[in-house]
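Structure below; questions to follow.
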Amino acid sequence: MSGGLGGPRPAGQGAVGPRATGPAAPVGPADPAGPARPARGWRVPVPPAVLRGVIVLGFAAALAFPFLWMGITSFKQTTDLYNTKNNPFLFNLPPTLEHLKLLFNETLFLRWLLNTAFAGTVVVTITLLLGLPAAYALARLTGRWGERLGIGIFLTYLIPPTLLFIPMSRVVALLGLQDSLWSIILVYPTFTLPFSIWLLMAFFKSVPRELEDAAMVDGLTRFQAFLQLVIPISLSGILTVVIFSFTLVTQEFVYALTFISSAAHQTVSVGVPIYLVRGDVYYWGSLMAACLIASLPVAVLYNLFLDRFIAGFTVGAVK
Amino acid sequence: MAVRHGDRWLGAAMFTPALLYIAGLVGVPLILAFLYSVGDVTVGSVGYHFVGLANFRSVLQNPAFRGALLHSFIFTVSAQLIVIVGANVLAVALRNPFRGRGLVRFLCLLPWVAPISLGAIGWKWILDSIYSVVNWGLVRLHLVKPFDTPMWLGEPTLAMISVILVHAWRMLPFSTVILLAGLTAIPRDIPEAAAVDGASFWRTHFEITLPMMKPVIAVALLFGIIFTFTDMTVVYILTRGGPYDTTHVLPSYAFFAGILGGSLAEGAAVSVFLVPILVLVAWAMLRVAHRTEVV
Amino acid sequence: MAIVETRDLTKVFKQGQLGAVNDVNLLTREGEFMVFLGPSGSGKTTLLRMIAGLEEPTRGDVLIGGRVVTRLPPRERRIAMVFQSYALYPHLSVYKNIVFPLRAQKVPKEERRPKVEWAAGLLGIGDLLDRKPRELSGGERQRVALARAIVREPSVFLLDEPLSNLDAKLRASARDELTQFHKRIGTTTIYVTHDQVEAMAMGDRIVVLDKGLVRQVGSPREVYDDPADTFVATFLGSPPMNLVDHGEVLAGFRPEHLLPAALATGPSVAITARVTNVEYLGNERVLYAQIQGGRFDGQRLIGRLPSVYHVEIADGEVVPLAIPERHLRFFGKDDGRRVEPRSLAWQ
């Protein structure tokens, strides 16, 4: 094989000759950011791990601090809580369960939790009943107008409750649903549906068409293939949609505030900040406990399903 | 993949219930919103009279409304600026796996996952005029005098800053997640090629990574704008629009005028001002979506 | 132009397991076109990436031009690399792609355009400078990647399977272009591939790797005619070398050396076999046969016969075959390494 412009080739084959090739090689210039860098990822331009650690801890602290504070507040005795001379981070008096007891025994908190759970369950059910077929239709059965409808559905998600809540309150009143959980049960699917259909479309599209084709060759109708094949396969995606829809329900504030006027019928999202007060004075201890109790379980579930959610919507984006 | 004729009907049948539901419960109120804004409807009224642009005129003359309009823009733009920069930094920091990343992600997600109202009331306690832990910290650090602590929610400028910060706090995790997805979509080869080509971290980030993430950043930004611009919860809970209407935004003002004040027409007129922004954002999103397909 | 050297280079990803790269000692020659050849998982890419500075070695050193670069980031090694996917910056024009390394290394502004035009001219893409990568064909993208690599006049070129993304038809001409390019530029080049045809065609020397270990380093002729072990012997050459279990040793011979007895010259081993299949491939015939009788009854063999030899061979026929003894290679049975030739009984 003819060589390039290289120098004369030493005779003989094989890998290394004696190690003494050339003078004792000087070590290259020291790495500018200092020698003590962990191996992972420093070859490609990446900020040093220390900087990353600082950033990450800083953000995590700033973002999660309010919840830590909720936790501390929930267990501090009232006299400790309202003593401005004390270090608020320390339990200067022993921690107490009095706020929790008050919350569960003397407020409507439990009722609100139940209301929210009930509303959430019914709303998610409606969403699945209407959304699963719709998403499948958009993913499989429609041509160009299906694409357009899909985009249209997505755009309705962008229509905010704060635009619709005023006329909606009239509609609710006309239907006689004011001050009832059923008002929000009726209205919430207006945002859980677009969101869920969009996400379910992505999940359904990732199911290979051949599976349904094979089932139909074997004698199933398309609808049966949908029920017996596509839905079971997409179960984890459907579960993700359930979790996220439920999250949307628990977070909603405007409609619940507008349609429901009595405390007993409220959801957690409105009840806690509005009704845990006597006159002008908030029950901060119980309030913070309520916030934490209402937020954490949802957060855990959300976190568990987030990766699946991302996988779902990035799949949808790669058409 | 041919769509069989029978499938067309099945598709329509499967799709129609959802379509009717959404069209009915979104479309009808949407139309009503416009009708109310040009009518004379109140909570107690029965009939309807067309009044043309009278509602809009009276609303525009109200300084509180003009303030709310201005605040909506200020809060949204400021919060989004903070969010986009912060989310970029956090996304880069979270990109590569490290021990404890799962826990960190959980902590960082909390503001977005928790119901907005609960996060907001948490902040109300943190920024309380007497018992604010933030103020305690500032006094301890000798940054403010003990009897001159900032009234975070009671003083107009500070109240605005508080609202902006709470919005940014809530949106940061959401944008971070979206940016992270965009970041991990960049093939590993590209930053490596830049490394071999001799680019420093900053050059790679600003000249290669960020431009490649433009569509994703646009999506995060557009969603963020919508969620901040149309939100009334943070303002309602933190300040109720005060002090002296200095933190009202369009949605909260609409709520006060329409529901608490009883004038549905006025409330509707105010919320109609949301529409131009929504249309703009929707158009921008469609353009971004269209462009990313052509890569 | 520089010599690349690795000393005991090792990369272990999981503690306690065999490394992706184990104790590799290599020394290139100046201006050489060296090929790292091996199947997937052989460590050839990891080895290349350690030389580039994209992976940190667990143990060992990398030297470029006599300088120890093991702890240096890629940009301080004066290397250029072409990735399998080319890694062109999709949002930048071809011109901006090529000028990027010059900007990154703060080359004075006046020098940039002339260098880009020189590199583009060298690769014949001068008229593509305003296009974006997505508007280019695979072959054009490869040339842009090469231009971007050459514009810095690096001392070493590293290429990671750059032809594998091209159509089969394009590959042969792209191969030739690369070879011509190397002849013109003369920079020391390390080329990674799993395709032994590419390796044989392009390499001055081939480093055959398997499971992170170097099996042999040699010129194409050396690795083909004098394989160091059974892995090299069977990896190079298609169809692979026939290996017959001869008791203490494995006897090997290449399909093209299994000839009809009448055509064998010199002292040869005679074998009677029944032809089970003949594939006519136009320029040659591939014979599948089974040894008939004797110690190795039933052993399957493959032979290659150029079509210029008009010997009649039919399916199912029992034919006398022969292997010239000078083409026999012997390997130890336990480790597969090459051993001294010996006389063996074949019947």
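Lettered A, B and C in written order, each chain numbered from 1.
Here is the rule we use: contacts are C-beta pairs under 8 Å (C-beta built on N, C-alpha and C of every residue); 3 or more make two chains touch, one makes a residue touch a chain.
What you are looking at is a predicted structure, and each value in this text was computed from that prediction instead of being measured.
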item	value
Furthest chain, CA centroid comparison against subunit C	B
Pair of chains whose C-beta contact count is the highest in the structure	A-B
Most central chain, judged by mean C-alpha position against the global CA mean	A
Centroid spacing, where centroids are CA-atom means, of subunit A and subunit B in whole angstrom	16
Separation of mean Cα positions, subunit C and subunit A [Å, integer]	49
Mean-CA-position distance for subunit C and subunit B (Å)	56
Numbers and ranges of subunit C residues touching at least 2 other chains	53-54, 73-74
Residues of subunit B whose C-beta touches two or more other chains	192, 194-195, 199-200, 203
Touching two or more other chains - residue numbers and ranges from subunit A	43-44
Subunit B contact footprint on subunit A (complex, rising order)	40-41, 43-47, 49, 52, 55-56, 59-60, 62-64, 66-67, 69-70, 73, 81-82, 84, 87-89, 130-131, 133-134, 136-138, 140-143, 146, 149, 151, 153, 155-156, 158-171, 186-187, 189-190, 193-194, 197, 209, 222-223, 247, 250-254, 257-258, 268-270, 272-273, 282, 284, 287-288, 290-291, 294-295, 298-300, 302-303, 306, 310, 313-314, 317, 319
Residues of subunit B defined as touching subunit C within the complex	187, 189-190, 192-200, 203, 207-208, 211-212, 214, 295
Parts of subunit C lying in touch with subunit B, wherever the complex brings them together	52-54, 73-75, 79-81, 83-85, 87, 89-91, 100-101, 104-105, 134, 148, 152
Residues on subunit B engaged by subunit A in the complex (per definition of touch)	1, 3, 6-8, 10-12, 14-15, 17-19, 21-22, 25-26, 28-30, 32-33, 35-36, 41, 86, 89-90, 92-94, 96, 98, 104-111, 113-126, 128, 130-131, 133, 136, 169, 172-173, 177, 181, 185, 191-192, 194-195, 199-201, 203-205, 226, 230-233, 236-237, 250-251, 254-255, 258-259, 264, 267-268, 271-272, 274-275, 278, 281-282, 285-286, 289, 292-293
